[in-house]
């Protein structure tokens, strides 16, 4: 396929249509982003990048970073993490306490807030300086030493994070948080504050399209099997209550964030990222979803 | 890969292990099946079949047939069916009324009981003699005129189907059933009674591994896009509350039935069926799940 | 207190205010009622009646009759009925299947639909001709041979009763219905069709204000203890999701129906009925609630 | 009735039976209490007290104190508090987050933990030194300057109160907590730590049996109407998921605590307290429930 042309045409088509939805405002910092931003970057497994629009502007990747903390936890504990987490789709809003209550504090999967908080707790049990070592790991995966937490976003998360503070305390009451709640939630807030550009993001996620190996360097980030399993989790759990819709309409494993970013991979082929801040009613980037749907409609290649 | 040897070795390994779980007894007829049955059949896209064990014994495919009624509904109405059904994982037991209540009678997907009943209602609106035309369609897809309903199973379903009668009446109270409840539920009970052998089943599902085309004849059962989307739905919704686990451990789109059958496909490659009547606590074939997990662990090929 | 004057003044005051809400339309027959009807009757334990407005017009008492079928079941089985029913407030809408699902088919109390259906099932196990014997019992309690089922309402309930058919089948699937579902639900639909005037209704419920004894005749309908317990159930469960509000604002045990009727009792003192067809958003008579609140605000006598 | 003899006989009878259930252990301090304690005190509206057993030993009244903080909030804001609280039975466990989630952070009533936390928030908005002024109010109501918080219990609550910290943060995320979460939850933990003897407790609650007036002094603690309404709330919401059962079997408004205390009132007549630390499976004192049931069975006087 002529990747360059398809990316450009798809981008132009989506750009010509109305930009619906609303920018996330649950933390003030996110609400300040210009809703007109729209960027795309596809990185093939040989490292070639195809871009369109604001592919080089950094944005808050938010929940997308949950895939990276999960990867680190898998590296540290492998399947042992599933004693404290499930791998099932959540079937309801991303921060539901109902589910936790009916399932005794075991989050349904590592990509909902509660699950990512348990992953942070696992990291706190293994790392001496969790905040520092987590960003170090992400820089390694990204092969880019400039990736960093946004102190502003992290503080904004903290000042508005009552729901997440409720979640960590709720799970602590079930005994599913081993470390100090303050330390765990602090790591979680910083995890949520990471910024990347579309190009950095699609390159970082390249290892999930490449059997667990970093693009170009072939450094093994995860085993092939672990990499397949992270993709399986993204597939079933990566889009809140729109996971089925995304599987149905796009057909690629992926993960979205409330900052308007989405990353998705076609195993053995490419990793693609899209960024557009306005979210649809399910909390996923409106244009990001439209772009990826049209893109895979055109290429006709999905995992299915 | 040496498919023949992998099938045989995997079969032998699983057979050597304890056969856990319990045969479904919610209808007496299912309870009469010998729990020692264990059969496998893999059909590659060129039509070659690899078998092991009881691959030629007919069994009740139960909910697996829901994929075929869905295919027929997609042929008749295409995406219009999504006005009355969702495509999201159900996140709870396969017959939950809670979900229907909180979502105004719209089933979360076409592979849970409630969703399959709505699909039957859609078929009733299109077909003059729904029962006859549905089995005719399935024979066409299977390219096999001997496939039939089991009158015994259908009657057994009817005499014990209070929960499904509750479901159809509940959805009727929300206006999401258009035809007479008796007619709709009768079609549903017959749909659930279809019997196939492992070989018939994997051959029948071959079109979903083949871009929508029947194996060998290349007759288009569904469009390529529809076929990908049926696979996406099986992937996210095919295993009740174990869909995520199946994606994680097996990594193929598939569908199970309480008769102990499972069918799964690797797009562009093969369709595989397993049958072993004992079910794990989530209601999926215990040995079927174990077999497929070991099989894809060995082949290392999944959709991810 | 000057009961006559308080009734008249309260009636006049409520009549002078806007008549808010909407007549129930879930069955067409109820929708035909003139929303302007408004009647009241208070019957003291010595048999004296004080009336205002349409106190002599018959109306569909609907769910209020559930208290009478419960009384009959208590006469037949006493506390044994609690093996199949609970006595807790339902805490959600009156016909919730969620609750039944999470509590294995045991209705939370005998005054929600599911509970009243179980009571009908209990009656079917004891009575040769349940429909005939139930109306016979109610005539006895009312000391009035003219009380009858409305064939029109019963048929209207039947043609629109998908939700109740769902409920009875759902409970049958849990084993909590012993008789044929058709027979049980038929009795339930007839139970829901009974008509009374305000004066008949308050007189009929007089035994619950009189330690279980029929007014004037002193015939023992229930034991004193049973009568106190029926009052306790009305108190905690008689007003759907407005039970707490009614306790808080009115402070009398009572029961409402979607026909716009309400009956309440002050033990050792009186029984009062109000009828006004427009319902508030919780499904209780708008004017009925307002009347009773103002009435007990004025008399300052409640059970609390 | 010969109150003295009934109390003694009932006490002796219950004491002769097995003492079932288990002492609450969710905070270590409660687990240290001798499970054999069993005390009773009935205070008639003229101030006479009838006692049996450990009526003069102090114990942790725990949730019973929620009625007193509610009384203070009603004194300060009267019905305005209902903008942030409901008055409906909770229909599920006493600390359910499910309910809060589905009802946007509005607790179902002021006697569940979430509701009592909102009441504490209301007090924080009105009082300069909430902790000091609350205990001052309670001493006034009790007419006893020795009533105090238990620092040990309060600290124990704090160290184990993850669930309550989750609740206050969860409600804050809905905007239903106006003050600093730390201050609000601190007040709540102290409220839960108050200790009284049976005699102090039944005397303190005497005003609710006396139209809102303190016994003997006739000081108006609440208006008659407010007092009736507090009784109505205790009646429908005072016993977690056993409120209906208590209404049914005992028939008095009351409130229990996990310390094993129960207080109940017969309006215009008496206030009675029982203390026995072992709890039944619903979290209410096993012997306390049995005692009160037998007591009202004997006196045959209930509000119904």
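For reference, chains read A, B, C and D in written order, and residue numbers begin at 1 within each chain.
Basically, a residue touches a chain if its C-beta (ideal position, glycine included) is under 8 Å from a C-beta of that chain, and two chains touch if they have at least 3 such contacts.
Keep in mind that what you see is a predicted model, and the values were worked out from it rather than measured.
> What's the chain with its C-alpha centre farthest out from subunit B?
D
> If you average the Cα atoms of subunit B and of subunit C to get two centres, how far apart are those centres in Å?
Roughly 47 Å, centre to centre.
> When the C-alpha atoms of subunit B and subunit D are each averaged to a single point, how far apart are the two points in Å?
55
> CA centre of subunit A versus CA centre of subunit B: separation in Å?
One centre to the other, that is 32 Å.
> Of all residues in subunit C, which are in touch with two or more distinct other chains?
Correct list: empty.
> Touch graph of the chains shown: is it line, ring, star, complete or other?
ring
> Taking all chains into account, which pairs touch?
A-B, A-D, B-C, C-D
> Can you tell me which positions in subunit D touch subunit A when the two form their complex?
Interface residues on the subunit D side: 96-98, 100-102, 162-163, 165-167, 169-170, 172-173, 181.
> Would you mind writing out the residues of subunit C in touch with subunit D in their complex?
Interface residues on the subunit C side: 86-92, 99, 108-109, 224-225, 227-229, 231-233, 235-237, 241-245, 247-249, 251, 253, 267, 297, 300, 302-304.
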